[in-house]
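Sharing a structure below in structure tokens format, with a few things to ask.
Chain nomenclature is as follows: A, B and C, assigned in order of appearance, with residue numbering initiated at 1 for each chain independently.
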Amino acid sequence: MSESLLEVENLHTTFGTERGDVHAVDGISFRVEEGEVFGIVGESGSGKSVTALSIMGLVDAPGRVDADAIRYRGENLLDASENEMQSIRGGEIAMIFQDPMSSLNPVMTVGEQIAEVARHHGDYGESTDFLSEMKRKYVTGTATGSRSWQRAVELLDTVGIPDPEQRAQEYPHQLSGGMKQRVMIAQALAAEPSVIVADEPTTALDVTIEAQILDELLSLRDEFGVSVVLITHDLAVVRETCDRVAVMYAGELMETAPTRTLFEHPSHPYTNGLLKSIPKVNDDREWLDSIEGNVPDLIDKPAGCPFRDRCDSAFELCQKPLVSYPGEGVDHEVRCHLYNDAVEVDGDEAVAVADDATEIIEQRSDAGRPVGGESL
Amino acid sequence: MGMKRYLAKRVAHSFVVIYVVATTVFFAVRAIPGDPARMMLGGDASAEAISALRQEMGLNQPMYVQYFRWMAQIATGDLGNSIFTDQTVLARLAGVAEPTLSIAAIGMTIALLIALPAGIVSAVHQNQIEDYVATVVSFLGISMPGFWIGIILLITFADLWPVLPAFGYVSIGEGIVPWFQHVILPALAVGLPYGGILMRMTRSSMLEVLNEDYMRTARAKGLNSRLVLFKHGLQNALIPVVTIAGILLGVLVAGVVAVEIVFGIQGLGRLLIRSIERRDFPVIQGAVIVISFVFVFMNLFVDMLYTAINPKIAYGGRE
Amino acid sequence: MSTRDRLLNAVDLSGRRVFGIRTDLVERFARVLGRDLRAQVGFTIVVLFLLAAVFAPEFAPYDPMAQEYGILQSPSLSSGHPFGTDSFGRDMLSRLMFGARISLAVGLGAVTFGAAVGIVVGMVAGYYGGWIDDLLMRTIDVMWAFPWLLIAIMLVAIFGQGFWNVLFAVGFAYIDDFARLARGEVLAIREEEFTMAAKSIGLVDREIIFEEVFPNTVAPLIVQFTVFSARAILAESTLSFLGLGVKPTTPTWGALLGQGRGFITQAWWISIIPGIAIMITVLGINLFGDALRDAFDVKEADET
């Protein structure tokens, strides 16, 4: 199998606090292919945003990132120097954040915020050293004739902002929410990256704008071949836009599958719970189905499946650490012991557990896809 | 709201302030117990002599007449004559303005040169040794009375280790070096407390900025940390600092007055205090008006600086 | 219980009383005191000086006005004058302790005065809005940030020296800031639901302001109070130094400093030591205020 564009193997991100270590991301592995939209879906606190920041190397103390590998085009980013990471950020892997109002710099023109990305990563022949940038920022302003500025204007046009020459000279507070998010997309595109990581890009926007932004992201894939890692809590968004999805819970992966497979053959009890709780237009239920209970404490996380306290199908194997099992469809993985070969299942419940269940768990955990908490 | 409208508002406000100050000082000064005529002529002057002098000085006219006369005079730039010397108030003030302005200007410069870098370093190295040292020094700076700092400097540099002159002032016209030698100590005494406050403000503002989302965006774009700090963070951090620098100009001015006394410098502050002692009305009024003019002007300057660094003022909200 | 009582005892989801004093703030205050080094040091300093001031008559070794002619003593433990004497032979330590009474009283009193007037003005302006707000705030605004020393000098010149005059002259400068602060708080809370709820059950405006609005705005006001106390003590010392403070013969710290000015080279302790006293006191207040500010800062409130 040819190598994937982005491969994350056994990522652990922990934050040290007064009360103990918070295991925000507790052993996840996934891959993203070229030209696909990969969704990471989960409720707040599931660790999805932290995953994105970990890949980009943007996790600060007291956070620690640990993984077997984070490979971009075959190179392990964990081995990269800070300089190398700086070239990758924005240049190869770009990121869009949730709240465009606070994520854009209020005292810089929108045009310059885009232009500087182009200038630093591309070959524009403009000086990017500290003194030149200071001069550009505080003394002369960015020359509207310069190539990087022209590129910024082009990009504003590409993302659908009318009157781009004028807009480029404006400040973020002069633009609407939807336009600001488009600016963020333009910023992300400026250096022609291969991957754009979008962290809840539409959560702060209203529904009509949301549709436009999502369309924008899709067209990036279609026109430019850019892969998008779309992080969201909204399953509807996933359904509309993603090619493959990973479901996260309490820092761990529950299920990974192509979108259609996930929605048609959801395997993990958590995924099932999520899908059932979405109200539908023709719903005639009296009560919404919700998943009872609360997310586990990420500091004193009990061993085994993090979902077991809320899961209707929990049984004794659930105390064992999770491993990945194949699911029903192609390219479908489920991390739930119900899918252990040695377990007999009737409907939603495990009825019999054969002796070799634990062995199977150990085999699967040794076989290249390690389980959370242990490194090889 | 647009830059022009904002500035026009500020200028109008400044005029209102000066007008109110002038009026207030006019009545306040006349409320001070003590008759200037009597003080001029001495304790054993005759009643007729006193009342003759009062007549001559126009002090017997009704208050409102005096007031309007004075307002008219000011409008033409005539601040009257000093009761105690022969000079016009304007001349008297001009003679003593230079030291005060020199000390204020150098003091402010020192404050900014220390406060801004120290605040930034402190914020970037929060809770580390640099932060600790800078915080201790700034705390000391804001806890000491400015004139006391002056006294200590005086003892240190003029007495124990006599490298600098102790008292008095030398005009810049007589040479930059002697001028600077005489100005540096008082300026330090004025600038250190002011700078201490500015440093704390810079530090806390910078800390807030460092936590902002747009700083994270800048790093996600692959910019190095120095660039992120100075190109993306600095201007934002300075906005509240400029605001408070303006608000605290009053502290600066107050410091200069006290420090003039310590170093025996014949400046505006000292003139003001002596005039109050002597009930020299015109000089008191003139001095207060001039000081407030300078003060208002400095505030206006700070306002302009503020509009320059905060684009939200110049360019209004969403379209 | 009547509806009124029930409403006044209502608690929100986290168990805090919706109306009335925010007891969680009192708890947080106590916790800060227990943990924060700055708070402990600052608090200790302030308490020590307050005690020295309050009990000066009992503990001062000498009568602060007692003169021993011709004896200008430098600080030495053996001579019985640990801080030396001034040019009239008066013991510095005793003068310092008695000076503390006035300096601290004027300092704290001035801020109290400024706070009392300012808060009332600000709350009224904020609560009623409209032309009342405009009038009050514009009046205050004109003199805003104007050099406090000039105003204080003029006030003292007009009304004369003396304890209360100096207190009001210094406190005058703080009215504005307290008014703005109080007004801002009131504006924020006025729009909140519980004020409308209170109105809907018929509480009178005055009751609403003082029983509901005020207790919830206390935290930033306390922080402001400590900040200004430090400044007020410095302000009083400046005025006294210039000879414009409380009557020249009374030994406030600033006045002591001023007296020593003529003898700096021969008797450095007369000017330096009172300055050290001022510095330590103000430092203590500043440390304490800083710790308070961190404790009450809403942004850092939750530990999640």
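Quick note on the criterion: a contact is a pair of C-beta atoms (placed from the backbone, for glycine too) under 8 Å apart; a residue touches a chain by one contact, two chains touch by 3 or more.
Just so it is clear, the structure is predicted and the values come from calculations on it, not from any experiment.
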Leader among chain pairs (count of C-beta contacts): B-C
Report back the single chain whose CA centre is most distant from the CA centre of chain C. A
Between chain A and chain C, what is the gap in Å from one C-alpha centre to the other? 52
Once you find the CA centre of chain A and the CA centre of chain B, what distance in Å lies between them? 54
Indicate the whole-number Å distance between the mean C-alpha point of chain B and the mean C-alpha point of chain C. 24
How about chain A: which of its residues touch chain B in the complex? 56, 58, 85-91, 94-95, 97, 99, 102-108, 116-117, 120-121, 130, 133-134, 137-138, 170-171, 173-176, 184, 187, 191
Chain A contact footprint on chain B (complex, rising order): 212-214, 216-224, 226-227, 230-232, 235-236, 239, 309-312, 315-319
In the complex, go through chain C and note every residue touching chain B. 142-143, 145-150, 153-154, 157-158, 160, 230, 234, 237-238, 241-242, 244, 254, 257, 261, 264-265, 268, 271-272, 275, 278-280, 282-283, 286-287
Residues on chain B engaged by chain C in the complex (per definition of touch): 16-17, 20-21, 25, 28-29, 31-33, 139-140, 142-148, 151-152, 154-155, 159, 246-251, 253-254, 257-258, 261-262, 272-273, 276, 288, 291-292, 295, 299
